[in-house]
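As structure tokens, the structure follows; a few thoughts come after it.
Letters A, B, C and D mark the chains as written, and numbering starts fresh at 1 in each.
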Amino acid sequence: MSETYHYNLPVCLPIFRKYMENEKTAILSFLLPEEKSMKVVPGQYFMLWLPGDDEIPIAVNHYQKKTISFAICGVGPTSNAIIQKEEKCLIGLRGPFGNGFNLDHNKNVVIIAGGIGIAPLRFLVHQLINNSFISRKIILIQGARTKTELLFREEFEKLPISTDFCTEDGSYGFHGLISEKIETTLDNLLDKPLNWEIYTCGPELMLKKILVIAQEHSLERNLQICLADRYIRCGFGICGSCFIDDLGLSICQDGPVFRGDVIARVDDFGKFGRGADGSKYPFANIGK
Amino acid sequence: MSETYHYNLPVCLPIFRKYMENEKTAILSFLLPEEKSMKVVPGQYFMLWLPGDDEIPIAVNHYQKKTISFAICGVGPTSNAIIQKEEKCLIGLRGPFGNGFNLDHNKNVVIIAGGIGIAPLRFLVHQLINNSFISRKIILIQGARTKTELLFREEFEKLPISTDFCTEDGSYGFHGLISEKIETTLDNLLDKPLNWEIYTCGPELMLKKILVIAQEHSLERNLQICLADRYIRCGFGICGSCFIDDLGLSICQDGPVFRGDVIARVDDFGKFGRGADGSKYPFANIGK
Amino acid sequence: MKILKTTIGNVEIRNPLILASGILGSTYSSLKRLFHEGLGAVTTKSIGFKPRKGYPNPSVLYLPEIHSIINAVGLANPGCVKFGKELQKIDSDVKLIVSLYASSPEEFVSVIDCIRRYNKKTELLAFELNLSCPHAKRLGIAVGTDPEIVREIVKKVKRTSRIPIWVKLTPNITDITKIGEAAVSAGANALVAINTVKAMLIDIRTKKPILGNIRGGLSGQAIKPVGLRAIYDLYETLGSKIPLIGLGGISKWEDVVEYILAGACAVEIGSAFTNYSSPNILISKLLKGLESYLIHEEVSLEELRGVAHE
Amino acid sequence: MKILKTTIGNVEIRNPLILASGILGSTYSSLKRLFHEGLGAVTTKSIGFKPRKGYPNPSVLYLPEIHSIINAVGLANPGCVKFGKELQKIDSDVKLIVSLYASSPEEFVSVIDCIRRYNKKTELLAFELNLSCPHAKRLGIAVGTDPEIVREIVKKVKRTSRIPIWVKLTPNITDITKIGEAAVSAGANALVAINTVKAMLIDIRTKKPILGNIRGGLSGQAIKPVGLRAIYDLYETLGSKIPLIGLGGISKWEDVVEYILAGACAVEIGSAFTNYSSPNILISKLLKGLESYLIHEEVSLEELRGVAHE
């Protein structure tokens, strides 16, 4: 970690560009000042510090040359305070942290995003398109509550990928839950299932359903799940705040991306989170 | 300093070989345990720690492959305690420290050693013989009180160099002080004086005389003087114990080797030393 | 690796390496994992009477230049009721030390009672008292900086618990041996030193302290010479009768040896787990190095203890 | 570099960087050189009443992993008579602080009187009182750890000397602000913090402590977060009226800024000179960095002071 170029302490940079994707989601971008460019893998995250307030984990949403972007959805005090900041405001960046997605294969790809779970997957989509020397199918299945929450939809529709949208209120695309959509899509698509790699991020209850579906298709080893509903403190695997039962793996360093076969052995997956005080709370009771 | 391979803390090694060159001078050698070999320049020194006692600066007397040797003359409590140690005893080595001799030229060479001042010059002689791709004259003028103090004399007599010995009691070679010897030698030898590089180490009063002679021949810039009569504490230029007036240079890091033109500007040279308490004492009053 | 067997008072563990409190050990799974990856014993995060969220983030930062960590976690913990229950899930072969904090003697007793009530299953090696909490009645002073309070805490706690009581000392004090003496005179079964060293960081762009709590504590390689000296001083004052557990900046097997030579029977490891993809890499490096040293020097751990004082 | 001008109480120096006591400054030539290489002022090695050889070597060791030094020089110095004379050789343009140590208020007064008697020539910026010496009458306690003794020392010394009195504080204490308050209430003109942190090292082959004196003090990058916190705490307790001079581990211009934001008016630099072939390389890096920062942030040093408390 210390060998490669990496921010161990928050580096405070002015917000370079800001726009709202919808009324509660802001895209913030920053110019990294260094000479050399930082190595960042999709699925990795930064700790974003709002000086004098708090610090929260946010996935890298886009990174090219020296511009790094984050998509932040206001759900609580800190995320809401950050999205209210304007250009030139200083935000601290600490990272990148965590184990990102593995892109080292030639398979076709299904990407499944639920709500703000699209944040790390946007970076993934662009990396898959730009860094592939092979031609492969990329299918993006994106779900949200309503049309305005289908973040980056117009951008995706212009990319050389198949897109498939669904909304809970039917305001765009398929009318229903993303898990219903996936089931049928996978059934139809996966003629040679092992030729497919599946990437997903979203609410943990959704991820849990996707794991079950993948298991039914014996595809759990082809499934890469990014957890993003969890409390992170240190980011580098030392404080123990983010460890998940029963395997005793950390989200912050061993994750946030796990293979389906590993996450299948995690009792807490989709069931319990742990708050800042380390006590468990059931996922079912809270909704984003 | 920290980049290259270097002992910052004393590394305790067993004495590998020990023999007495005369009744008060021991040659101790050690095997360095590391894989890579350490870069050591003649004139550089180590701090030799006698655990539980004290630590003193000692020039590198020989270094080849992984064997490093020191010639230690018993003059006070610590040096006497060290020369009484036997093989397998642990001695701490910290270093190499200091600015060594510059060997980066093709000139002929005069080496002038007084007493234990031969210690760093033995390593220099071997380096000059082994690492020269050119043929050049090497003249060694070695002086001591008496024959037994002409350390390594038999070894030098076998080397492809001219040797010239003198003793104060006339027991070997020229009968008289080394400074008298040098004056005539230089007068005779130095037909093209700028083709000669002069190296010297020994009691500071002798070095002072050599500087004067060199200045008379306008050779002070060709003169490299190694000081070895001084109190050293840290070895890396931080504690201030070894700074010399009036230039404010350190012996331990800027030295112990200085060019004649630099040392000529040092008021204290050949006049005053500083003890462990930082107070000055005149060199004239003490003799080794 | 029989030669690594270590005795701390009446308890025996398979090797002298113990997980330090607050590092990785917030959950039953991570404690279990760390033990199974080779440590001699594991210490939990410090547990208090009530749940505590701790301080806002950033609260744990790595300082690569000095291989150290600055933290102000602020004793985040789920409280003794929930944690007592959680402990039941740990297999009984795991050698477990429960770290506790409180701001008065009475509260320490309550936390111990509570843990014992909710955790009937797991046998504990010891309770480790973290005395860094501010004192309930005497504003602004940490309980661990006043010998009188320490004596009272240890006395009360000893009356409650038959499980050995280890007292963890802070280095942020004029004379650590005074607190050590107080704890021992009151019946402490072992002393643990050191906790983190008072520290802080400021961001020069926003001109604000970086830690959510402003102030924090330094751990890791920077404090090794500090912890070592604490153990040396404690051993010199208290002699070999009271077991000492050394910690602070241990990252190499050589550090473990230094602590034992200074007077420790065992050591705890914390910040050094930073930058290891898996804890067992560090643990096995330490154990192997230690074992070879003992074989090479033909000496046992017990014989090695305190030798630097000879 | 006018913007680097710094005021400490009533004295003004060209920039806020001061040489720390015990680093390089044992001789008139090195003090002169360090000033001419760009520092705002230079502090001498601590001088006592009688000459002192200090402890046996090794007494100063570099720890590269943490860019730090451990030392137990033991206040080696030629005594106030010889050193007073030596000071006369320093040109009067050199801004000089003389550091002193003693083990009682009376002895401090004697050392000051002696320095003034033998050095009629050089005007001093201040006397810096190093309070790390063991107390003459109260065995084993350093004079700087007891607020009463500190108050007495400063009072006596202030009566003797019209030259400003700076008091240098040790971090090896439960509450550094108590000593700071005592010094200020007795009339100290500035506080300097911190001195080295208690530490030691052991050699695992010979199994002996490495420092000649066994125990020593840690300085350098490892203690930067510790010194920074001391200044922050002092500023918070004492406010902006009393000048604070920060030191401990400063090696980059960013560190200087952190100390000023924490509440320092000026800083001292010690261990950071390690590994520089010439001190001016470090000094000019620090000055340039500091200057660009002030220009970029459009702020003066005075405005910057203590901003981290806002």
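Basically, contacts are C-beta pairs under 8 Å (C-beta built on N, C-alpha and C of every residue); 3 or more make two chains touch, one makes a residue touch a chain.
Keep in mind that this is a model prediction, so the values were computed, not measured.
Counting steps between touching chains, the shortest path from subunit A to subunit D takes 2. Of all chains, the one whose CA centroid is most distant from that of subunit D is A. Between the CA-based centres of subunit A and subunit C the separation comes to 36 Å, rounded to the whole angstrom.
Inter-chain centre distance (subunit A to subunit B, centres taken as mean C-alpha positions): 66 Å. One inter-chain figure worth recording: subunit B and subunit C are separated by 51 Å, centre to centre, where each centre is the mean of the chain's CA atoms.
Contacts with at least two other chains are made by no residue of subunit A. Among the residues of subunit D, those in touch with two or more other chains are 63, 201, 208. Chain contacts here run in a simple line, from one end chain through to the other with no loop closing. Touching chain pairs in this entry, ordered by label, are A-C, B-D, C-D. Contact residues of subunit D toward subunit C in the complex are 63, 65-68, 70, 145, 171-174, 197-202, 204, 207-209, 214-216, 218, 221-223, 225-226, 228-230, 232-233, 254, 257-258, 261-262, 293, 304, 307-308, 310.
Looking at the complex, you find that subunit C touches subunit A at residues 22-34, 45, 51-54, 56-64, 69, 71, 73, 76-79, 82-83, 89, 201, 203, 205-206, 208, 210, 212, 271, 273-275, 277.
Of all residues in subunit B, only 1-2, 8-10, 12, 47, 49, 51-56, 90, 92, 94, 233-241, 243-248, 250, 253, 274-280 touch subunit D in the complex they form.
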